[in-house]
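Read through the structures below before going on.
Okay, so subunit A shows up in both of these, paired with subunit B first and subunit C after.
So, the complex of A and B:
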């Protein structure tokens, strides 16, 4: 797969992973009929070790683990879709893997892409709201000069 | 040592039933849901995720419910659960510079780029019990500013380092995977990566007291809270079948950069050095204590005297884990009858010998 496709795929896989399970379910229910698929790997929950950097910018260290659910599917035409998603929601991982496979089909991409864009907008709105809430707590401290004695 | 005992199954079953009834409390009072705990006891959930060393809000909330709010027991439950799950691999290192900031303050620099953002905090409250909260009711909605906070806020170290006044950490050239104490025993001397992992999952109370001891004179750290930031970071992971990294979700973390005076050595000019703290969720006290202890543990590396408990790597790291500590202290409750019997015999023999000596004199 060429590099530009990697970038596109990185985006949609990231959007699917960062969506709330109910949002993915809602997007899924609004899609045209989903073709048949097989599991290459049924949804499986495990751990990914989250790494930080010493001092924020130095060498890596292991900060602690997080739960992650992965799933791989194959469409009838042979296209393979994968999902790696924080948390333990098997339904979300399965749907995300199917959507990843469908997004690789140029004929289906416009319809599925609209659902991905809708999920991305929800995430952007959440992030934007958080950024405005935080900004309302921005403070200017005045340094008081201590008087003599 | 304790020895295996048999029997007592019915009593043990009944004790657990009694405990379940006590945990439920008055049946006339509605039962807590895991969602309520995850949402309304969020800071307890953050502590259990941090010390349990597994980021999963629902699991941590369930552990808190099951442990009746005993957070160290909840940490133990989460640690036990993690052993049932396979390890898929390690993430790409998180970029806290790219954090979606919810809180970001510096006690050292008043006018840092991006500003001081208080975020959700108990700082500056009067710590008066709020009886209105006891009555219940929805709070007013949070205020919204016209303009959002900056999308990218430089770390304080980036601001000071332009003059070379603060030490920098650099990623290694040929970086292998960091040491992992869930896969290898803790050995001394430990690298800073292993120390930070142990501190990250270490008991907040223990690290807090050690950090406090360093401030009171048992170790000289002379610290400033250079920066504390809290918010969401994306987690990237590289699945083998893809060959390129993808985002697999976001997590909330708290990061603390302590900056400490350093007089320099013959090789290093005087500058500020740094201690680092990182915790899951909103866990500021933990991140600050961790950063102070991290810096104290660097005493040897920086040519300072290692003379106090907080600077003693083996003392700190071997005792920071509350699951291990709790297990070893609480195993004293298990039957030690054979052990005690032999000690009893020994004391009786010694006493008899002492009485015979006295009679002979």
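So, the complex of A and C:
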């Protein structure tokens, strides 16, 4: 897989991983006919350790565990799709895996890509809303100047 | 990026199927010489038999180191192990928790696998040996734990001198390897505690 495809795939898998289940369900119902598929790995839920670095360059530390659900499918044509999504929704993991497989097919990518873009916009809007709400309650701390007067 | 277009499905219901397979292996180990039927997984990578694949899917995970002999080694088998079990592979039989042997005539001696230590004999290698047939070979008479009076085993296709290796393996008890013979969808076991009496 060429590098640009790799980055594209990383983006759509990330969008699917963070999407809300009902949004994925809505996007799914608006798609053209989905080909038949088999499970390579049925949806299974488990924990992953999320690691972080302060400032992006500190020592790695364990930020905490989160619940994820993973699933792998193979379309009738042989394309394999994988999904790891946040949360414990098996139906979302299954849909995300099928969408990952469909996105790898250049002929289907425009139609499926629109659904992915729509999901990405919803996520961005949600993030902006959260940022606005947080910004409204921001408190600035100023250092008191000592010894004035 | 590894090619993943040969991936095959794992167990249809990982929890229940693995429990059934585990139970069957447990029965085989508890009653040496008894032939058990294993539930077949949906697919088996070449050149593994369904029974071999079933045992691997039920018992192996990311903490079990697997050794493959040349006959059992293929890209399909490696992918299956990596994807469904997450098991690391080793080229050194002495490091293996599980060994999958496709050609028992070409395998290294039993003593070259991990025999476990006196303190932790449970850390030895479990060998899964794919054989041409579980019956029809030279009949061995077995005795020991799990066997009332006598049991027999007549695995076909064993190399010369294999019987001596099994006897020697038992003499090292509690250290030693455990053997599971597989063919098609069936299996039988020969744990280290079993004596070969005739």
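Here, the second predicted complex is superposed on the first by the 131 of 149 C-alpha atoms of A that agree within 3 Å, B and C clash if a C-alpha of one lies under 4 Å from a C-alpha of the other, contacts with A are read in each partner's own complex, and residues count from 1 in each chain.
The definition used in the following text is that a residue touches a chain if its C-beta (ideal position, glycine included) is under 8 Å from a C-beta of that chain, and two chains touch if they have at least 3 such contacts.
Computed from a predicted model, the values in this text were never measured in an experiment.
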Fit-or-clash call for subunit B and subunit C when the two complexes are aligned on subunit A: fit
Partner chain in contact with A:74 - subunit B first, subunit C second, else both or neither: second
Partner chain in contact with A:109 - subunit B first, subunit C second, else both or neither: neither
Which superposed partner A:136 touches (first subunit B, second subunit C, both, neither): first
Partner chain in contact with A:39 - subunit B first, subunit C second, else both or neither: second
Subunit C, subunit A and subunit B - angle at the middle CA centre, rounded to the nearest 10 degrees: 80
Subunit B or subunit C, by number of subunit A residues touched: B
Distance in angstrom between the closest Cα atoms of subunit C and subunit B, superposition on A: 6
Contacts on subunit A seen with subunit B and repeated with subunit C across the two complexes: 6, 44, 72
Subunit B contact footprint on subunit A (complex, rising order): 6, 9-10, 13-14, 17-18, 44-68, 70, 72, 82, 84-88, 127-141, 143
Touch list for subunit B against partner subunit A, complex: 49-50, 53-56, 58-59, 82, 85-94, 96-97, 100-103, 110, 115-121, 142-149, 151, 155, 157, 168-172, 175, 177-182, 192-194, 196-197, 200-201, 231-232, 234-235, 237, 239, 241-242, 244-251, 253, 255, 257, 274, 276, 278, 280
Subunit A-touching residues of subunit C, taken from the complex the two chains share: 1, 4-5, 7-10, 12-14, 83-84
Subunit C partner contacts - residues on subunit A that touch it in the complex: 1, 6, 38-42, 44, 72, 74, 78, 80
